[in-house]
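In the two complexes below, chain A is the common chain; its partner is chain B in one and chain C in the other.
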Partner chain A sequence: MYIYIDGKKISAKDGESILEVANRNEIYIPTLCHHEALDDVGACRVCMVEITHKDWGGWRNLVTACLYPVEEGLVISTSSEAVRRSRGTTLDLLMARCPTSDVIRWMAEENGEISVRYEQIDDGSKCIMCSLCVRACERMGCNAIGTVGRGHDKKIAPPFFENPENCIGCGACAAICPTGHIEVNDTRTTREIWDKKFNFVACEGCGEPVLTEEYRDYAIANRDLPADYYTTCSACKKKKLASHFDKVGS
Partner chain B sequence: MGIANRKELEARRKALHKANENVKTHVRVCSGTGCAALGAFEVYDALVKESKKAGLPVQVELEPCGKEKDPLFVSLTGCQGFCQIGPLVHILPDDILYTGVKVSAVKDIVEKTLAGGQVVEKLLYKNPEDKKRLKGRADIPFYKGQELVALEGCGSVAADSLDSYVASGGFSSLAKALKMDPDQVISEVEKSGLRGRGGGGFPTGRKWRSCVSAEGDERFVICNGDEGDPGAFMDCCIMEGDPYRVIEGMIICAHAVGSSTGFIYVRHEYPRAVERLSLAVKTCEENGLLGKKILGSDLDFDISVARGGGAFVCGESTALMRSIEGSVGEPRAKYVRSVQRGFRDKPTVLNNVETFACVPSIINEGSDWFTSRGTEKSPGTKAFCLVGKVVNTGLIEVPMGTSLRDVVFGMGGGIIDGRPFKAVQTGGPSGGCLGEDHLDLPVDFDALAKAGSMMGSGGMIVMDDRTCMVDVAKYFLKFLMEESCGKCVPCREGVYQLHAMLDKLSRGEGEPQDLEKIQRLGKEIQVSSLCGLGKSAPNPVLSTLKNFREEYEAHVNDKRCPAGVCRDITTFTIDPDKCTGCLVCKKACPPDAISGEKKQVHIIDQDKCTQCGACRLVCKFDAVVTN
Partner chain C sequence: MQKTFVVIPRNCTGCRTCELACSMIKGTEGVFARSRINIYKVGDERYMQMTCLQCVEAACVKVCPTEALVRNELTGAIEVDEERCVGCGLCEPACPFGHMHFELNEGVPVKCDLCGGDPTCVKFCPHGALEMK
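Take a look at the complex of A and B:
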């Protein structure tokens, strides 16, 4: 099928979202709660685009690009006046919520209009409740963190705000966080995240940290990975592989 | 004793109907929430006890082969509507409605009315206009103009008795539907023009048909009983008062769309609804009305009662389904509709309690009967909860298209203390406020939407001139701010900011550009939010801003609350010309701010006054005035 993004005719497949097609064609649509490895939820609302169709009698609608499934002849605008207004309001609201976040500020600047017009809530938090961390943790199979409460007081936290029992210290939540809100403190031998302390497994080759002991145990029990995955750091793995090819070559 | 097929149902109905006809006197004690709180259960127990003591042939169950001649049937029914003056005891066939019945009055009722055939005058409804006592529902203005379809059995059948429901013709509609082709059933519902009573007003027949045509090996039927609007209790009353009707509606739907599993989602705060529905489901299972081969047909259908935790957002269809699945109740985008991919990603029909309660009558009486009521685009009737500053509060059901004036001033009996009418709020927290110029608006889905409000589930909150519209908008936004699921940014952060701006206004700190800002943000929240809750959350402020702009302007420009509600910008003083020195306000003042002797003008000490408004509320001479 063919769809039109900002006037360009583009081929798309049934079942794809607007965002997938746009990304494949290097058409930029800003996102905050999207990650290709996870299911989309449409929470951040910054990927809003305006759609219409020649058969719709002029009717237009704002939808989130990450969730809207493409259909033949769909006409999409990624930066119409309505899109910019909606996106601008969303980013303004986020700037009021997380005034210290650079990512939000950049994105708002890029949208064209910066006007912090709303009451700022400066509690130092950079969390925009995109839930990427929760979904990443869920995908890891740990479910160590979740959303707590509702409305404006909603938080991301471990159960009962205590040290999360299920956390294996993989750090996926911190790595995926778009605003850098989740704190992770690493030393050469230890990691601290969600107020829980972990010891690193040292690389057999160079002694650099590989993964946490809990992560190792969890992976051994739940994943089918080569044995050196747990004992060797990626740099040493590379070296080992290179020397293997060297031998095969000679 | 089961009901294996249509013949057995008919035989049972005939036997029960006869038993019902043999009953000489029906005594129906309302056990709706309001009456129950005022002691209806104790009144019921006392009525049974006293009647037995007086040697009357009392029955508390319908007895097809009862030994008593001309029995007296005492039953607990669902809500009879007039909650304002409960507990209610309705006596038939003489149509005597006793109001405010206390246990101490039971002896009188038994001796004078049930044994003696006389009316106890002092328990009758007193018409506030001419102080005359009115005998029955036929005479009382509150009941005039009402037409009961969804509430037909509510207040007449014994709420926890399958027999009582069957005697009143219950499940005959199901028997008829099972003889029909599923497609015929859907066509009949389509022709009736029934629209979803939960607020959206989506055509029910069309929903059912799309569910049938959706791909899937399994289909689900869900009844939404998560009514959460402040001031609304229609669904609660139906679930408590006529649970079998809801179940019958759901089985008919299951037959129409080919489902074998259903759920009723009820909020945990409705314990009696949960209890009565669970009992009704169990009784239906025991009698073969749920389970395998219902009434001898090929239909297998089971219903589970799922309890909600009380989150307002779980009344939103997709959040509700996630909640039943066991996940966090957060809505999802509806680009793919629930009828195609709903509960467990299978095609799902989700209808509201009142919608299902309308279905049996439509199948039994036919779609023409239904469309002969209401308006062209909104046929039938609609239940409303009339609350607020209105003389008669309670549960009513009127044909669609009835004017707001008829509801507020006819059934409602006007405003308390004869104060001026200011607005009526329809559609729950995300509805809107309509002022005096909208009083002649016919109440239906489209007319209300056009006026900037919405039908919602049917709450109607009446407000008088002492209600501040900024305060009302602030109240509803606070509710929505706390009940937002917090998933999407515009709703979570936007409603918070709207509330913050209104709070500023009510403190007299508003700036001229704030009104523009409120309007712009409100409109962006409407287009950018993920679900219906967010999309409609700005309605309370946008509709009041549109219809009562001058009141907002007074808050911003004059730092004054015309209704005298917003404490920070209100001062109470006593008009010396009107004050009679009666001491009433002085006694009512919590911080002792009022001084003055008897028959002398009172004075409010502004340093002590906390602007609570208690003095103004009690003053009979309108002597307490605000700036």
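Take a look at the complex of A and C:
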């Protein structure tokens, strides 16, 4: 099938979202809650585009590009006046919620002028409720965090705000968070995340941290690799292999 | 024909030009520890060049929860698809040879991708100790 993005005729496949087609053709649509390996939920609303169709009698609509499936002849605009306005409002609201986030500020600047129409609440939180962390945790099979509460008070947290039983301290939530909201405190021997404290497995060779003990147990149970892969740090593994190669070679 | 990355340890003088070239080209600003090739001293005046072996059955590929490590069929290298990576970091401890590098604040691992088939370290080695054959 063919669709039109910003006046360009582009081939698309049934079942693809507007965002997938745009990405494949290197047409930029800003996103905050989309991730290639996770299911889309349409939470952030910055991927808004305007659509219409020759059979729709002039009717136009704003939709989220990450969720909207393509159809034959769809006409899409990624930066019309209506799109910019909608994106501007979304980013405005996000900035009000977390004024300290650089990512949101950059996006707002890119979209045009930053208008500060809403009262900014700087409570130190940078969370935009995109749920990428929850979806990453789900993908790991841990389901340690989720959305807690409702409406205005909705938060990302472990169940009952207690330190999460299922958390293995892998840190994927912190790595994937677009705003850097999730705190991880590492020392040489411990990691603290979501108020839960972990001990690192210390490298057999040099004592440097390898991964948390819980993460090691999870890996042994869920990935088909020998347990002794997780006992040594990368530098010591390389050193050992280098001298092995040297012996074999000479 | 697909070429193979070959190290010739007997020619290596331990000058570490390869490490510098790698850490410059891969945007790690000349930090040797973040180079994707590393030189190890294995004896008097004997050095070993260590880098990803691009294993046929790779442990890193096996543990990745999102198929973010994919083989480039043209070069044979296993490459990181940063868009698919969720940053769980398990590929680093999973590699039995220590060739994956993951830092939480970077969010995605770094590894040797053979520079798309034409490795920079090979071009910079002044002693003919690295080759693509």
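Here, the second predicted complex is superposed on the first by the 218 of 250 C-alpha atoms of A that agree within 3 Å, B and C clash if a C-alpha of one lies under 4 Å from a C-alpha of the other, contacts with A are read in each partner's own complex, and residues count from 1 in each chain.
Note that contacts are C-beta pairs under 8 Å (C-beta built on N, C-alpha and C of every residue); 3 or more make two chains touch, one makes a residue touch a chain.
Everything numeric in this text was worked out from a predicted model, so none of it was measured.
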Determine, under the contact definition given at the top, whether A:Glu119 touches first (chain B), second (chain C), both, or neither.
first
Quick check on the superposed pair: does A:Asn111 touch chain B, chain C, both, or neither? Answer first, second, both or neither.
neither
What is the contact status of A:Ala37 with respect to chain B (first) and chain C (second): first, second, both, or neither?
second
Partner chain(s) touched by A:Thr212 [first = chain B, second = chain C, both, neither]
neither
Which of chain B and chain C A:Thr78 touches, first, second, both or neither:
neither
Looking at A:Met140, would you say it contacts chain B, chain C, both, or neither? Reply first, second, both or neither.
second
Of chain C, residues touching chain A in the complex:
9, 38, 40, 42-43, 46, 48, 50, 59, 62-63, 65-68, 81, 83-90, 92-101, 104, 107-108
Within the complex, chain A is touched by chain B residues 311, 313, 328, 332-333, 335-336, 481-490, 492-497, 500-501, 517, 520-521, 524-525, 527-530
Which bits of chain A are touching chain B when the two form their complex?
41-46, 48, 62-64, 67-69, 82, 85-86, 89-90, 93-94, 96-97, 117-119, 128-129, 131, 146-147, 149-154
Which residues, counting only chain A, touch chain C once they are in their complex?
35-38, 136, 139-141, 170-172, 174-176, 184, 186, 210-211, 215-216, 219, 223-225, 229-230, 232-239, 241-243, 245-246, 249
